[in-house]
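Below: a set of structures, written as structure tokens.
Common to both upcoming complexes is chain A, partnered first by chain B, then by chain C.
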Partner chain A sequence: MSEGLTIPIGPQHPSLKEPVSFLITLDGEVVKKAVIELGYNHRGLEKACESRTYIQDLYIIERVCGICSHAHSYAYCRCVEELAGLQTPRRAEYIRGIVGELERLHSHLLWLGVAGHEIGFDTLFMYTWRDRERVLDLLAEIGGNRVNYGINTIGGVRRDLDENICQHILDVMDGLEEQIKYYAELANTEATLIARLAGIGILTRDDVIKYGAVGPVARAAGIMDDVRIVEPYGVFTEIKVNGVTDDHADVYGRTVVRIKEMLESIRLIRLMVKEMPDGPISVRAPRRIPTGEIIIRVEAPRGEDVHYLRSNGTDKPDRVRVRAPSEANWHGMKHMLEGFHFADVPIIIAAIDPCYSCTDRAIMLRSDKGDTVTDWESLRRTGIERYKKMGIDPSKIRMRTSGV
Partner chain B sequence: MKAEETILRLKEAFPDIGDDLKSPSPLRVFTPFLEPKRFEEVLIYAKDKLDYYRGLHIVGTDEGENLGFTYLVSNADGVILAIREIVPKSNPHIRSMSDIYPAMLMHERELVDLFGAEIEGLPEGPSYPLPDGWPKGQYPMRKEWNPKYFNKMTMTYEPPEEKATDTATAANDNKDNAAKTAADEKSTAGGGASK
Partner chain C sequence: METVLSIIKILFFPGLLFLLVAAMLAEYIDRKACAHMQNRIGPPWYQPLADVLKLLGKKTIIPKNAGKALFRALPSVSFAAVATAFLSIPVWGSHAVVEFEGDIVVILYLLTIPTVCLFLAGWDSHDVYASMGSFRTLTQMFAYEVPLFMVLLTPALIAGTWSVSGILLYYSENPLYTLINIPAFIIALIISQGKLERPPFDAPEAETEIVGGALVEYSGRYLAIFRMAADSELIVVVSLLAALFLPFITGIAWIDFILYIVKILALILILAVLKASMARIRMDQMLHFCWWVLTPIAAVEIIVILIVNGGIAL
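And then the complex of A and B:
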């Protein structure tokens, strides 16, 4: 046992919500070494963007991630708008701001539910996901869809907010605030929750800097890296954000940061609805974008989302590069896992709010013929050969071939 | 340290690249494309002397006969410094900077898979992001790699035998696109209704 026991988790595993592969080597119950393998969601999105027009790419970019789709399309639109020299209307920026904060609310509520589920606190999971539905209903009312709302377009937004929707947003915020305050109290007082989250998955301030972690992971270690504050954009040049940080540097700290950020988002949404100016919601955009290159960042719910765009004077971009926040947070994951108990692995992984699709920049594709790519037996054979190369032989496992 | 000061300090330390430094916006500084040795000197100087402590990511670009790798680093004031190196496609050999910026590791692995960079000193570990059975020598983010010749079922890349045909097809595609663009020029890409 001196070399430890190596346990493969994933790429398909009940505790993982998306495909990723972990090889965890244990010394007793303690994680000694972790090897992470990503890329299962890679579908060549950036290549796809190079052969399509700017407006077509907008819809690809929006599908980088189902949860923070607005952040990606916003960053992309800002890239194109800046290169084209467009000045977006103020009302459009306010609408973008409102949708962005609603997105942060639903993303953080989703995370809180997943975190509750991972530690066996399923009541919290059901409460938060019930509340998240109210935000998703609002987003559906605004954009016509629960996710991928398609609110952004190059030059502004596609849909306006009328008085009824604004009033509905304010009504939902009232109810939501009450609930989130309850979760904040829960995080402060519920002994089981604190005992389960505190002191695990630690990533100190120095390690955050070393591994380039972003978003709530960095802020939980006391580093204020909120792009809305560091480099204000759009509506945040007019409305100031009160940044949230914490000094626990562990999973508990990340929970506290996310709960407080939700309360701040509610404050911002109320303010933006109140201060939203009248006027047009978009400006005309040219099809061809002048030659240039630009780096834009936007604060997505999971942290800093960096987009690079290079144009060549045509109607198609020369290069689009998306650095989603999850991609930055993976570097510290190995460090966060090592030295902690195996039972804590799921919640430590969940604590960065990982989005594999963001990391790999995926779009879902089916095979051209609509049939299955491979049969069960050859899939199993491929899997066994793959693990054998890693020094693990699962071929002895008895499989039930029929009648489950 | 603001962008202006960054440019001044870089000009002092590297007079030969000073005139080519660009700052298109207040929080951005771009260096020109540098040969790998010079690039490494600038990167280490930025980390050690200018306190650009955060590694953001790497943008790989196809520069015709060459490959460009733009390393984005950031400092406490939120300035993003883009330090760039260029190598020929025929010998895309660079040194790994993941010992200086550990956050660049996964992005460098991506350069290997997608652009075919040969990176010296890259620590052992799983490749990223292409799947296990990806054909060797196929680098999808290079401009000459055309996804329509890739068979997803067999995982093989089969371009037409005659290279001239390939070029002609690409030229025709461009021609079609140009015509389409001209026809659509009057319509707007914005598409949103005004209030």
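And then the complex of A and C:
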């Protein structure tokens, strides 16, 4: 094979679920260099949040991620509630906890299936997605929708759980526990699965700290960074989570961590359903939020989800910043890819459970060399001029003005 | 009259037409069995035929810098080699259409032609994924070729003949000797997954890594012929395994034919189980597995056979 063959993975590639580009330079079958290019999926959602009211933003924040929609809306709601000084009812926190753990279950089952598919183990893929369907049905029963449940609102939750749903949740958990124990056994015994997962994509404890990785990637390297444990919030101040760590520090470790976390989630869901108190499910929230700024961390299925909110006393936020867990895990990706086989590239990428559209942000780099900074207005003018040359006149389209 | 009969045998039964029908049914059974194991419904029985017909009607795109003649010829060469190999395997009764001393070697060599064609197809496509796939195809060939030849020649060593029909007849007279071949049979089953580039040895066409491998640039009828060749290869390989390792015949032609169908069905189902129950092995793991695990076992098997054979001869 020629020296330094460069193979593109993406922006369109069967192993990628969303557009992103990896340029892999190979030495034989071994990855010599990996260049990662993000930015195919920028949606400008932080900017969009600034021009809408707090309640309208809930709709956007819920759609940051198609999988961890609850974690994002939960973090956002907690930001607003803390700023407004609202005390959410205990029952609401329990319902949020139950939905959050169900979300973790369906996210990890999805990941296990995707990982199976990436290493050519389609049977595992079909099995886990069948089981995931049962969790999605539960979530649809609770929130009326499969992935964007719309359960959170500022000051509590929008839907209550009645006796029937609680019983149904417990029934589904019994069946799921059996299946997940089977997957745990599979991960312990299936030789080809272990051969493909063990020893690749290594990110050691020191590297995790250096690159700031979060979630199962960090926990697989023995670092307990579960926000539910290190900084308990909501229902987790009352119900203790048994953290899961592993010392493999590779893709196999991440698999084991995720499977064990699912078993832990099932335990938590049973406990929360059993101990759920009676009472109201929401409190009334004010339209205008007092001036202030706040950072809130919530444990999403993929790791620590950080939301920053700055309010200015109006009914629209001044600044919303969403740091999705995948954003923290990208930095170590290059390190994880280099030195391993080309065949391992898809599974190493998949092992951080990447979410590209949640991650894409516009970042402005400042330097002393006098880079030009384009502001909102001139960017709009450039766009209009470009389309005028093509015979389209978009200048009549009204620009949504910011709340400030 | 003799010539006409031969032509009918070669073109219709048990030659080309039978091979095509069997190949499609084999693909259907393989896919359906796999689907059931994976908790899916699977395709209807006419799906393989529908796929081929659809591909035949599709537009064919040939890459600009590919060698046109080679690109067009490769699928047909590949299929022709497989179809020729099939003629030397007994299907109806205990005699093949073409049989001579040493036809097992010819079959093995004819069976390498599809692999070489696949390599050339990928190489000729001038595409990174296709070249990657063709390199892997070739590497895989070097990995499985030696153990595969060793285990397939094991039955021949005992039988003392290098003709498939001869081996079949020998074992039908001495059925107990097949027991000696069981380790070779197991290795042959595993390794034929590599030969056929099916999971867990499907790294040369790994969809999630190299987007389908050597045939990325193929489309339309050329892809259809390549697929027919791959399906037929499955039939040829399982027929060969059935003839060599499951040589139970009665001597009555039509009963033997039914037995043959039962044997290849069983083998296809075993291969489908292997396909469904494992993850894809990486290229270096495949090489290691073939050279350090399968080849030594096959070598020991051959040494044992030689000693036993000496014992029988004495």
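Methods note: the second predicted complex is superposed on the first by the 357 of 404 C-alpha atoms of A that agree within 3 Å, B and C clash if a C-alpha of one lies under 4 Å from a C-alpha of the other, contacts with A are read in each partner's own complex, and residues count from 1 in each chain.
To be clear about the criterion, a contact is a pair of C-beta atoms (placed from the backbone, for glycine too) under 8 Å apart; a residue touches a chain by one contact, two chains touch by 3 or more.
Bear in mind the structure is a predicted one, so any value in this text is a computation, not a measurement.
Chemist: After aligning the two structures on chain A, examine chain B and chain C and state clash or fit.
Modeler: With chain A as the common anchor, chain B and chain C both fit in the superposed model.
Chemist: In the overlay, answer first, second, both or neither for which of chain B and chain C A:343 touches.
Modeler: Once the two structures are laid over each other on A, A:343 reaches chain C alone.
Chemist: May I ask you to decide whether A:29 touches chain B, chain C, both, or neither, giving the answer as first, second, both or neither?
Modeler: Second partner only, chain C.
Chemist: Look at A:387 in the shared chain and tell me whether it touches chain B only, chain C only, both, or neither; answer first, second, both or neither.
Modeler: A:387 contacts neither chain B nor chain C.
Chemist: Tell me the contact category for A:212 with respect to chain B and chain C: first, second, both or neither.
Modeler: A:212 sits against chain B, while chain C stays out of touch.
Chemist: In the three-chain superposition, say which chain, chain B or chain C, touches more residues of chain A.
Modeler: So, of the two partners, B touches more residues of chain A.
Chemist: Please indicate which partner A:130 is in contact with in the superposed arrangement: first for chain B, second for chain C, both, or neither.
Modeler: Only chain C; A:130 stays clear of chain B.
Chemist: With both complexes overlaid on chain A, what's the closest CA-to-CA approach of chain B to chain C, in Å?
Modeler: Once the two complexes are overlaid, chain B and chain C approach no closer than 23 Å between C-alpha atoms.
Chemist: What residues of chain B sit close enough to touch chain A in their complex?
Modeler: For this pair, the touching residues of chain B are 24, 27-28, 30, 53-57, 59-62, 70, 72, 78, 80, 82, 101-103, 105-106, 125-132, 140-141, 143, 147, 152-153, 177, 181, 184-185, 187-195.
Chemist: Could you please specify the touching residues of chain A with respect to chain C in the complex?
Modeler: Residue list for chain A touching chain C: 1, 5-8, 13-15, 29, 116-124, 126-127, 130, 190, 192-193, 195-196, 341-346.
Chemist: In the complex, go through chain A and note every residue touching chain B.
Modeler: Listed in rising order, the residues of chain A that touch chain B are 21, 35-40, 42, 44, 46-48, 50-51, 53-55, 91-92, 153-160, 209-212, 230-231, 278-288, 292-295, 297, 306, 308, 310, 314-316, 318-319, 321, 323, 327-328, 330-331, 360, 367-368, 373, 386.
Chemist: Would you mind writing out the residues of chain C in touch with chain A in their complex?
Modeler: 37-40, 128-129, 131-132, 135, 199-200, 202-203, 206-211, 276-285
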